[in-house]
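I have a structure I would like to understand better, so I am pasting it below and will then ask my questions one at a time.
So that you can tell them apart, the chains are marked A, B, C, D, E, F, G and H in the order they are listed, and the count of residues begins at 1 in each.
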Amino acid sequence: MKPDKIKELLLNVQQGKMSVDQATTILEKLPFEDLGHTVVDHHRELRTGFPEVLFGENKTASQLIAIIQEMLKHRQQILATRVDSEKAAAVKVHLPNLQYDAEARCLFLESAEKSPKNGAGKILVVTAGTSDIPVAKEALITARLAGNDVELINDVGVAGVHRLLHRLEDLRRASVVIVVAGMEGALPSVVGGLIAAPVIAVPTSVGYGVAFGGVTALLGMLSSCASGVTVVNIDNGFGAGYAAALMNRIGQKDNQ
Amino acid sequence: MKPDKIKELLLNVQQGKMSVDQATTILEKLPFEDLGHTVVDHHRELRTGFPEVLFGENKTASQLIAIIQEMLKHRQQILATRVDSEKAAAVKVHLPNLQYDAEARCLFLESAEKSPKNGAGKILVVTAGTSDIPVAKEALITARLAGNDVELINDVGVAGVHRLLHRLEDLRRASVVIVVAGMEGALPSVVGGLIAAPVIAVPTSVGYGVAFGGVTALLGMLSSCASGVTVVNIDNGFGAGYAAALMNRIGQKDNQ
Amino acid sequence: MKPDKIKELLLNVQQGKMSVDQATTILEKLPFEDLGHTVVDHHRELRTGFPEVLFGENKTASQLIAIIQEMLKHRQQILATRVDSEKAAAVKVHLPNLQYDAEARCLFLESAEKSPKNGAGKILVVTAGTSDIPVAKEALITARLAGNDVELINDVGVAGVHRLLHRLEDLRRASVVIVVAGMEGALPSVVGGLIAAPVIAVPTSVGYGVAFGGVTALLGMLSSCASGVTVVNIDNGFGAGYAAALMNRIGQKDNQ
Amino acid sequence: MKPDKIKELLLNVQQGKMSVDQATTILEKLPFEDLGHTVVDHHRELRTGFPEVLFGENKTASQLIAIIQEMLKHRQQILATRVDSEKAAAVKVHLPNLQYDAEARCLFLESAEKSPKNGAGKILVVTAGTSDIPVAKEALITARLAGNDVELINDVGVAGVHRLLHRLEDLRRASVVIVVAGMEGALPSVVGGLIAAPVIAVPTSVGYGVAFGGVTALLGMLSSCASGVTVVNIDNGFGAGYAAALMNRIGQKDNQ
Amino acid sequence: MKPDKIKELLLNVQQGKMSVDQATTILEKLPFEDLGHTVVDHHRELRTGFPEVLFGENKTASQLIAIIQEMLKHRQQILATRVDSEKAAAVKVHLPNLQYDAEARCLFLESAEKSPKNGAGKILVVTAGTSDIPVAKEALITARLAGNDVELINDVGVAGVHRLLHRLEDLRRASVVIVVAGMEGALPSVVGGLIAAPVIAVPTSVGYGVAFGGVTALLGMLSSCASGVTVVNIDNGFGAGYAAALMNRIGQKDNQ
Amino acid sequence: MKPDKIKELLLNVQQGKMSVDQATTILEKLPFEDLGHTVVDHHRELRTGFPEVLFGENKTASQLIAIIQEMLKHRQQILATRVDSEKAAAVKVHLPNLQYDAEARCLFLESAEKSPKNGAGKILVVTAGTSDIPVAKEALITARLAGNDVELINDVGVAGVHRLLHRLEDLRRASVVIVVAGMEGALPSVVGGLIAAPVIAVPTSVGYGVAFGGVTALLGMLSSCASGVTVVNIDNGFGAGYAAALMNRIGQKDNQ
Amino acid sequence: MKPDKIKELLLNVQQGKMSVDQATTILEKLPFEDLGHTVVDHHRELRTGFPEVLFGENKTASQLIAIIQEMLKHRQQILATRVDSEKAAAVKVHLPNLQYDAEARCLFLESAEKSPKNGAGKILVVTAGTSDIPVAKEALITARLAGNDVELINDVGVAGVHRLLHRLEDLRRASVVIVVAGMEGALPSVVGGLIAAPVIAVPTSVGYGVAFGGVTALLGMLSSCASGVTVVNIDNGFGAGYAAALMNRIGQKDNQ
Amino acid sequence: MKPDKIKELLLNVQQGKMSVDQATTILEKLPFEDLGHTVVDHHRELRTGFPEVLFGENKTASQLIAIIQEMLKHRQQILATRVDSEKAAAVKVHLPNLQYDAEARCLFLESAEKSPKNGAGKILVVTAGTSDIPVAKEALITARLAGNDVELINDVGVAGVHRLLHRLEDLRRASVVIVVAGMEGALPSVVGGLIAAPVIAVPTSVGYGVAFGGVTALLGMLSSCASGVTVVNIDNGFGAGYAAALMNRIGQKDNQ
């Protein structure tokens, strides 16, 4: 609560416009109102256009149904990640309006009056190989639901670098590029060296032996010789999409 | 090279306006001109306002002097990171105009006609403890030389969370927040939960025992329960500052 | 055996009050009686109010039944941890009086004449997220069966630090606080900075990628920047509940 | 701020006993006053009897002098850990009243009117071998300065288990036992099986080869087959002493 | 595109032998033609005699069928690795001409007019134990389909070194030796010390405990005290066979 | 082949007592006969009384049947380790004389005229807990089949050290002690400190969290503060039993 | 104390042959006398012929002098390991009779009337390379001072396996073989396959890169495909020598 | 020894052309002569043109001098790796003809009548950055002394992929390419995708934080998505150069 609002309230009490009990009730809640914790959450959603996101992996179908039904009272968009196809089918029996992307394992509701374009430019999601697509699509759906213009470029790994160079024009037009790669995770370094936009690197658990379920790709991305690359957890497509959306809002009018 | 430019050149040859040898010379270079590889680098610097950055750790004083003298022919800004004080002193004997920040271990030249403000808003660098300052200042100097408005908030680690909440207003006004922390590296999670701007987490090698030289902080940051946090290598203040600068340019006019 | 008791015994022998054979029998056992090893165990249980605890994971239902039936001859309380629901059902066919908490995977018998309150104050169990509840409830049941007043505060992770601050009053009233968290495991640091009671941190295997099945949370807790935090093994709710019960008895009259 | 205090203040304003500006000033600060963050720290120190503790490793002698001189304005006890002998000597030139324990690497001021006994009983610090003494003494000094009765039992490692059994009586009389061990770190398991008090295990970096600088001892302690053992970071004598002091205050009158 | 070819084209345009549009079409593609990226791939296959290789693990039977049917339009040889027997059977329903090696988990088509011998000499595949055979056969089939003369020597591990010495003559006649071993992975060191040909070491995931799924074998091979040993990823029989084929072509006429 | 035997053979040839072809046949095999490689194996078995040991994990029931039938032509004892109960049942259909120990997962044939006592004294196998029994019994059966007098002492882990001390007399009478323990693996250190016989430590994969499937126990055993302890791989009961048998034969007459 | 001895004592008391005070004094000490803990140590030394061994690394020259002077009152043999040459020189100023082996870093006193031969046969110490000699000599001196006949075979690593085979006869005559190797640590597997005596493997920190300071050699040795190999900590020559001495005493008359 | 040669010898004995003693002497040596172990080494050197290579790191200057003087009796080429400049200077005082490359840390003698060209084509050594040069030059010198035509291409890392493409023609002409890279180690993947020759990847310890002293580069190279890449130990330039030389000899006339 800002000083002027506190002062206004006190004047109202002094002038008898507000009872002491009413004012007490308001101020009692002050610590949180003033710190704005709950408010933060609301503000955040309003400003980012982000739907509430559910991590579906540890939740049962009936838990998902209950939570989503509750959420639908206040929202027009829903996103639940890491929902397998069986669980999704069970949820859709009760909530047939939800869409399901089996590759991305995302269950979501995209507002009919699609969220207004929030971002400064296009967010590009790039994969090294076809096995990286599930993670890439989780990133893509996350960023799209947050009101961004997104596009997927697939299978442009470094062992055939010409495939990547062929898409150079697209890469350079993007405002943020999410690069999804497993195995040695070298693609973000090459992309980072070619463009001037921020690169978010997502290691995937694709590979065998010393790929160590994505750890090698992660370490490679963190050790990248290209500047401007930041990294998220293994297979964390959602986190990359969310961070890209936050970045893409920088400097936007509707961000103020 | 775009088709219309190729066509124009060919018409010139057909019409005798250009000799075959001249055209050959131009087209011979085409692959790189057309891919614009070297050009990329120039474009990149022009657009980002980034000085050439030298990693000083493995270079001798005389190597640094030679490289910087060469660079000064074309540039007004210089940044060399990881330069210890002894090496810096040796370089400054020959290049007395350079500035040196001993804490950040950065040797740099900041253009007199300071680089125009490039970013959308302020970049905030936040540390968990005073031991994290060297890394934080490397980030700060990098982002500032790239033309950003930057500020440092120090010593607001999670074991005294009220210190952080006290600066909530500042945190919320920033367009990008760089969070620098060692030990358990928990600060980015708390910051990420309080603001709607992107958070770049920088683990530091501060700590002992199972802090494992920053690995524990790194793993904690990557596993963060807060969304929108991306991570760079241990002690990589430069990388965080560079990435923050790229993010802060998104949607800026001078970025087009 | 204390010198005066030995002397007394010898005088009895000398004076014919005790036969040499009787005395031999007693002294033969002396090393252990004197070291009191078996005695220790009895003393320990009597003093801590702790039920015999069975680690159920590697035991079959019939093994559990046999052991519990044996134990019930001497005790009124039973606790078997890590018992899955199928095994629990099989045991309850023969031992219908046992209670089963499916979330905590604990099978137990809580004495009708509930164990007297043993501890100095309330033990609080706090979780970072809902996925940490199973481990938290194992801790809670363990401490409660040992005669403590216990309470659970759920889902107050650091990415929404206001939720935690909202419960500050409760945290400060507890005599011991068990903090259960997965992912980056940052909650014990924040709690440890807010209160003056000992904090027992329990890392959980919640998370994916570099959460490494709880290792990252564990390392973060051990590297905590807050003082007064001690740590147990990953998912070791029982160990935390047991240690909390021991701590809560310090300085209690019934502990002497 | 409690509702009744808010109400009182508002009544004062309503009744003209307090100006609106005065009330505004008070309420403006409310969030922090009400959350009592800074207050917490004061309360904590008052209640625990803990001196401010400085981690001396990353601080220069002159930094230590400045901080300690500032602290001495308000306190009678000082503790700086991880101060090597050279640095300690430099500090003592300006602050000759400080005491220095070279083995523990602790620089401290112990109040003349020694802090009142805070704890319920004696805190025992036990080492496996003589190489563990420095860490043990850091724990011992920390707990003693916090007002506890402490004692050291040395060199009772498990490869000669009779040495430990010889001290069984002492172990059983302690209210908290800190066990300090390197190499395989087995001592806390044996101690934990012999007593009913909480055991705080401190792994040390003593050992070579796969002792891995204390990691093996740490893992062994966390995997202990004895219940009631909690663990701190490698070589973290201070943390163990601090936690032991917090535990020893449970149920104490002066803790309320 | 070489300068002389560009010049020729330009002369054709100048002399009216080629229209500007035709030349534009050709030059437009130039960057890639000139870099020869796609060309590379074709050249590579032609020169190495390598079939397109499919990594079958993440592909469904129907995906494999579709891809192979497409490939068969242009090729006479096919190789799909890591195809389990069930998937192989499903593919063979539609593509009965394919062969399947269940041990090697390879599905392949070997051209009737077998590929001409490409290599300089025989490639030998050697295993330490019978459990290493699946990986060895993947290497063997890969190298054979690339037109090499290959042979398998089985079960000559170092715990019975005489078995290996018995085959010394064969080992010395080979132009490349692939050594496949799990557990401690010592065989490549012994082989490398006996012969003058390059040794490609393939660690396998055979073993238990600290064999760590092949990591111990891998580390041992990389630390080998024998010179001339190079290493591939754990269980990467294909990679070893492929590399051996490339090596065996060095200095061959049909390689120019 | 010793020089005198070679000379004798040559004299025979010279004197016409042996044909050149016969001598050629003998000498042709010489390198191996002379190195005695195959001979070694025979000698070894004769001297150690060791049956051929099959590692059953990667073999099918029919493979086991075939190998054992072949072995039975020459031997009266058989040992196959790591054979699960289903596979064992399938084998016993064809080889009903074999015995199967389900806990040890060993399938074996123990000669009716039991192997003569080979060892100097009793081999003792000691476990820390009941979960370690399967590994202990694999060691026990291995050593017994090699002709040793063996005994099992169970459940004497360090958290109740009196249980171990109770068996001190037995421990001191053994000529070799195999100690089997999971979790923190501390038992070998305590045993090693109590006796003067060699201790073979076997870490088991018993435990959870940072027990890391036996790695923590292994590291603890290798870092043991007790001298005279040597270690084998995790869960390697067979290896411990085999090594104990070799040790127990040292200095025996039938070993010469 | 055995029952019959207790009975005898009690009869003496009953019959007035011994005063109650005398008997009390004896029985008072009983727990330890009966457990024989201190006695154990003496017995152990007497039976093994082992000198007291000092780990010199963490001790100052003056500490070593004091301890050795104390030890010399009771013993004729001394062994201090890990003593660098400077420290050794400082000690020898006061104790000129001590011998120092700079390679082994051992400071020792070997009794003039050399310890009688304790072992059944010769202990052989074998190294893979010359860099392993310091560790090998620590093992050798330890075993020799314990009264064993020892011999060193050097530089017979697996990359030149003929060098090892050349010494086959010697290997087969040994009663225990200690194999010392760094890098991939493959030598114990080869030796273990050639002989019927127990093999003690000692990994050394020789090597670079992924030799990881001996960890790779250690893992290889534990994963050895040869049976009968047991392992000690990295660079633990003393432990291997000690264990070999214990083994070599099995079945010896002077061991009873 | 082949059967026909044995037969010939026996016939000679039978026919009195050779005495029994002469024949005994020959056959006595047979095992080694026949296995030809020592001979192997000579053959190997003769065939590969490889100088004896000394690993200089653990040797003193005087040891190096003694060994090299001994070697010079038989050879015209010498190579000692990992010799620092101080040690090199000390050696050159006695052996002034040796050359020293300070960057490569190699001390060597290159035969005046330079070794004849052994390899099929040029060996190319490629570095990602200038910090990788020392390792690259160790590889280069090794391969050159083995009689190969070698060339270095420097600083063509993946963050500026156009630099690499610029040298495509050179890369494609090489018969073997050694790629030296630290940090994320991505360069071998890109090179491997562009050429049809074998690629030997050498990870270097260049980088900081999670570069983990070359481990990240190593893991990335082993997980490479490009086929035909084999890997050596971290910083093992010598191993790569040696392996390249062996490969380059395949199919050469002077290799038979």
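Quick note on the criterion: a contact is a pair of C-beta atoms (placed from the backbone, for glycine too) under 8 Å apart; a residue touches a chain by one contact, two chains touch by 3 or more.
Computed from a prediction, not measured in an experiment: that's the story for all the values here.
Shared contact partners of chain B and chain H, listed by label, are A, E.
Relative to chain A, the chain whose mean Cα position lies farthest away is G.
One rotation lays the C-alpha atoms of chain A on chain F, and its angle is 180 degrees to the nearest 5.
Chain B and chain C, compared by their mean Cα positions, are separated by 51 Å.
Put simply, the C-alpha centre of chain D and that of chain E have 61 angstrom between them.
Distance from the chain C centre to the chain D centre is 24 Å, each centre being the mean of its Cα atoms.
Shared interface positions of chain H, i.e. residues touching 2 or more other chains, are given as 31, 35, 40, 160-161, 165, 194, 209-211, 215, 218, 222-223, 227, 233. Taken together, the chains touch in the following pairs: A-B, A-C, A-D, A-E, A-H, B-C, B-D, B-E, B-H, C-D, C-F, C-G, D-F, D-G, E-F, E-G, E-H, F-G, F-H, G-H. Interface of chain A with chain C (complex): residues 31-32, 35, 37-38, 40-41, 57-58, 203, 205, 214-215, 218, 233-236.
The residues of chain E lying in touch with chain B in their complex are 3, 6-7, 10-11, 13-14, 16, 20-21, 23-24, 27-28, 30-31, 34-35.
Residues 131, 160-163, 165-166, 206, 208-211 of chain B are the ones touching chain D in the complex.
Of all residues in chain H, only 128-129, 157-161, 165, 183-186, 189-190, 192-194, 207, 209-212, 215-217, 219-227 touch chain A in the complex they form. The residues of chain A lying in touch with chain B in their complex are 35-36, 40, 43-44, 47-48, 53, 119-121, 165, 168, 175-176, 194-198, 200, 218, 222-223, 227-233, 238-240, 242-243, 246-248, 250-252.
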